[in-house]
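Both complexes shown next keep subunit A, but they swap its partner, so subunit B is in the first and subunit C is in the second.
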Partner chain A sequence: MKARRIDRVLLYGTVVLTCAMLLFPVYWLFITAISPPDTLRSFPPRLWPEIAQWQTFATVTGQRPIGLWLWNSTIAALGAVAISMAVSVFAGYSLSRFRVRGGNSLGLFILTAKMLPATLLVIPLFGIFRSVDMIGSLWSIILAHSTLIVPFTTWMLKGYFDTIPRELEQAAMVDGCSPLGALFRVILPVATPGLAATALYGFVLSWSDYAYARTFLTNAQTNWTANLGITTMKGEYITDWNEISAASILVALPIIVIYLFLERYLVGGLTAGAEK
Partner chain B sequence: MARILIDNVRKSYGAVTVLHGFSLDIRDGEFVVLVGPSGCGKSTMLKILAGLEDASSGRVLIGDSDVTDLAPGDRDIAMVFQNYALYPHLTVRKNMGFGLKMRGMKAAEIDRRVVEAARILGVEHLLDRRPRALSGGQRQRVALGRAIVREPQAFLMDEPLSNLDAKLRVHMRAEIAALHQRLGVTTVYVTHDQTEAMTMADRIVIMRDGTIQQIADPDTMFRRPANLFVAGFIGSPGMNFLRAAVTADESGARVRLYGQDIALPPAAAAAAQRSDGAVILGLRPEHLRLGGEGPITFSVLPELVESLGSEKYVYFAIPPEHQLGGEAPSEEERRGDMMIARLVDAGDIAAAEKLKLSFDPRNLHVFDINTRNAVREES
Partner chain C sequence: MKSTSRYSLARPSRRHWLGYLLLAPAVLLIALIIVYPLLVSLDLSFQNVGIPRLGQTRRPFTTVNYERLFASAEFWNACWVTFKLVVIVTFLCSLLGLATALLVNNKFKGRSLARLFVALPWAIPEVIAVVIFAWIFDSSFGLMNWLLVSLGLSDQMINWFSDPQAAFAVVCAVMIWKGYPFVSIMALAGLQSIPEDFYHAARVDGAGPWQRLVHITLPCLMPVLGVTMVLVMLWVFRDFSIIYVLTGGGPLKATQTLSIMTYEHAFGFFKMGYASAVGIVTLVVCIIASRLLIGRRAESIY
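What follows is the complex of A and B.
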């Protein structure tokens, strides 16, 4: 009985500690955003400002084209996800279903690509995009993000397709579908949770990118993504940390909202293989 | 409905051949069961028949047309899978109508056929549910429904009952048999369960390691097994096997079993001559009787008695001179050199208490040790 109580205390203690560690930076970001600039460096730091400056959000949206940056980030993320999903649905399905010569090596090769740091590809990609005159265009980061996302989503989808019994598409083929018809009419609808989780994962990956946007879009202000835009708010001599924090919250908000609404879907998609 | 002709079908995966020249002529409306242990090639054959796997060589004809190179959807067959393979995102109604929709049938006709099939199978009240809201038995019925709405030339069933619990399996077995009688559609049914094969089939095809061991109706399969494997596979519990030395003279071939001489068909002498003067004798557990009324009587010391209520399985040791040793067809069939007697209404029997058993030598089966084939007089 006593051991069980200790277990519970340990469990709850760990949960509270983990949540505190994860949430404190977000809380501090929020406090920074609504604190007057001159109080930010006061010591001891205040856990809640004396006067909350809610107008920082209005100021930052008025002075900076945050809406445009968010729009650009959305276009880039949606474009990258669309391309990545189109590629990885077929790639993941093929890896899951077809035994071809070198299939395993191909899968491992994709897995290796997943392990490469994004910065490693910046220079070759820059060279390619410059040669096709794509630097500064949103297409550059759409394609660059796709190179990051495809290995992840291919393996996620392969894992998801592995959990779907082959008999489903066999039944569809006996019912008159072609192999491609069986994929579109049966397998993809069944895989919706997996597709949603994978797409969301790709979206977050693209949304949170800074390195590619910084390299390919710096000279095209109208195409700046949100992450790139925020970093330009840091001045050489003066930096309004409360405004940067407010902008950061606005940029993080869409992802937080998506997570809140799709959390169950996402966890379901990620853990589907475990229930086999 | 149609005749199905499978002509010398072979299937290899690289160097591994899983089907060696499979040939079978299935009559219009016949219920044929392919049975055999895991890995014998029965499911592969069914998938080749369905078009889900390509044959390495050979032909498959359904009706009058050669379907060897046709896609599964163009073969006019319906298939029921072991795990039902119902589309989880569609309602029962849409699951059953899917194949018809794919063939471009009008919605009204699809609905009429689906409702009719649902009525036959007693799943009308489930039409608007999704598969996950159904029990195992209901899913099985829907899977059958999806097959029958198509009104195909043939049904292919791949171990459709093996995911059901024992009681429901017996019930569904009878339902499928009744459905076949009612619809009269040619059916090829795959199972590893010899009881299913015996109870449902017009003809059974027993397979092992990709080759057909015997094709026969259930009674023939039981009474006249072609070889040691079939003899051991059909029947529950399986046949008892004993090694016996054969003495041959002008009067014929004889073996001595439990101290008594038993006459064997003369062909047994020739078979024994080829195998160190011995043959394998087979005796079904149900052909052993309690008491000394049979022509051959002997006493045993039961080592284990299993009671099934109406009958008892009595296990006793095979005398050392009759043990098969390395000649047993497989370790399971060797059963640790034990014999089983299946005794109906046997009363109280206890292990380690002497028991008198008897049998009629006419029930003995004789097998050649070398070829493993049954030894019979030419008739």
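What follows is the complex of A and C.
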């Protein structure tokens, strides 16, 4: 019995210590944001500031249009997710239920598309967007992010539809539903958790992009996304760590909140293929 | 016969116009924003071109980009850097991810919270992770220098971003911290699908914890872990934002991977033909490497 208790204590100790070490960088970001600037430039570093300086958040939002950056990121992500979901719901359903000529090679191509380096695709996209005068507009980002998202969402949704028994549609069609009606009235409602997980995953993919934003939006300050905005605060030699930390927290917060509350959906999407 | 013309899901092998119709929008979009650009960049890689414009007359076909590429020391250096980074980061990500997954797979109160925390770095955008580590490894007031000096491990402040090896180490650190949660999440899902009976049987046979790990857990986890490792490798291979924001590929190209090299030539020097050639080679290496590593099973795992 005693050995049991020691095991428990050891286990809890290890878990707490591991989490503390792995999450220390996040904690340090937070502490840096609320420390007075002069304590950041002194040794030894303070793991907990004597006076918490919350106004850093106010200062930084006053000096940089962080709200606008977040808004742009949101618009870009929502746009890209909307486009991607609109096409991949149907494509995923088709790949799951129909045997279409070329369906297999399309599936294979989508898998390969997930391996495309963004740094390769960004070059022709730059040429194309330049010719149609889209550089600097949020549309360039929405389309570019769709190249990241569509392969993922199509494949994920196919996986979800595969888990829904065909008998459901058959029953609906016996009751007089058209094939499309069966999709909209029976399958999509059942697949809602899957749809939510997929859309959420796409949102995170878009929100995390830096390469496309850096290339297409650098000269269009009013359209900067959050990630691009943050990197402009990082100087080559001098960086105001106080302010960049506060801004970083504001930018990371939406995704962290999504993760903390909807982790099950996100992880479900990630691991959908792993348990086969 | 009316019934044969009706769409029937009972026979899934049946080809149906609806299948094509549903697929059409996706095919159109993919053709427009992925296939067409890909062909453009393939075409660009065979032209001696700076900044291309659509509708411009095409430059003459040439393989000079590829010739120059394979003859340049910069390219082989980038290959070597990429290789080192892929091996080190994948290995340590897998180790850390597996260890954390095994830890939170234990039964204890609050483990769902522990699971959430252990994989939290996954939710931090790469650019933000770079900001955090750039500050921790700051050369004047960074935490790491203070730690190393006060522990007596270093007698002077290290200038992390001007020393090639130190900069490479920092890049590795950021990528490991960003990458291990993915392994952890996947491994945890794999662990939960191992039947409890296996462990009961092993206990009855007198297997200790170490033997259970080596003879049951790891072999059962291998398929998931293998695929996960390949996905991590591909991520490291293609990653742009972490390295670009952290070091820009420097100092002295010590952290310049193939991805960074592609981008530098395209948008630093505006030699897009040459840059496309680098990118195409990167893509081909990616595809070959992943096919070799996961082979024909590729389809079942994504």
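The working rule: the second predicted complex is superposed on the first by the 234 of 276 C-alpha atoms of A that agree within 3 Å, B and C clash if a C-alpha of one lies under 4 Å from a C-alpha of the other, contacts with A are read in each partner's own complex, and residues count from 1 in each chain.
Methods note: contacts are C-beta pairs under 8 Å (C-beta built on N, C-alpha and C of every residue); 3 or more make two chains touch, one makes a residue touch a chain.
Computed from a predicted model, the values in this text were never measured in an experiment.
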Which of subunit B and subunit C A:Val122 touches, first, second, both or neither: second
Partner chain in contact with A:Asp175 - subunit B first, subunit C second, else both or neither: first
Which of subunit B and subunit C A:Thr215 touches, first, second, both or neither: second
First (subunit B), second (subunit C), both or neither touched by A:Ala58: neither
Which superposed partner A:Leu95 touches (first subunit B, second subunit C, both, neither): second
Comparison of subunit B and subunit C by subunit A residues contacted: C
Common interface residues of subunit A - those touching subunit B in one complex and subunit C in the other: 170, 173
Touching residues (chain side subunit A, partner subunit C) in the complex: 8, 11-12, 14-15, 18-19, 22-23, 25-26, 28-29, 32, 40-45, 83, 86-88, 90-91, 93-95, 97-101, 103, 106-128, 130-132, 143-144, 146-147, 150-151, 154-155, 166, 169-170, 173, 179-180, 204, 207-211, 214-215, 226-227, 230-231, 234, 239, 241, 244-245, 248, 251-252, 255-256, 258-260, 263, 267, 270-271, 273-276
Partner subunit A, residues of subunit C touching it in the complex: 7, 9-10, 12-16, 18-20, 22-23, 25-30, 33-34, 36-38, 40-41, 44, 51-55, 100, 103-104, 106, 108, 111, 114, 116-136, 138, 140-141, 143, 146, 150, 177, 182, 185-186, 189-190, 193, 224, 227-228, 234, 237-238, 240-241, 244-245, 258-260, 262-263, 266-267, 272, 275-276, 279-280, 282-283, 286-287, 290, 298-302
Subunit B residues within the subunit A interface of the complex: 47, 50-52, 71-73, 77-79, 81-83, 85-89, 98-99, 102-103, 146, 150
In the complex, subunit A residues that touch subunit B: 165, 167-168, 170-178, 181, 186, 189-190, 192
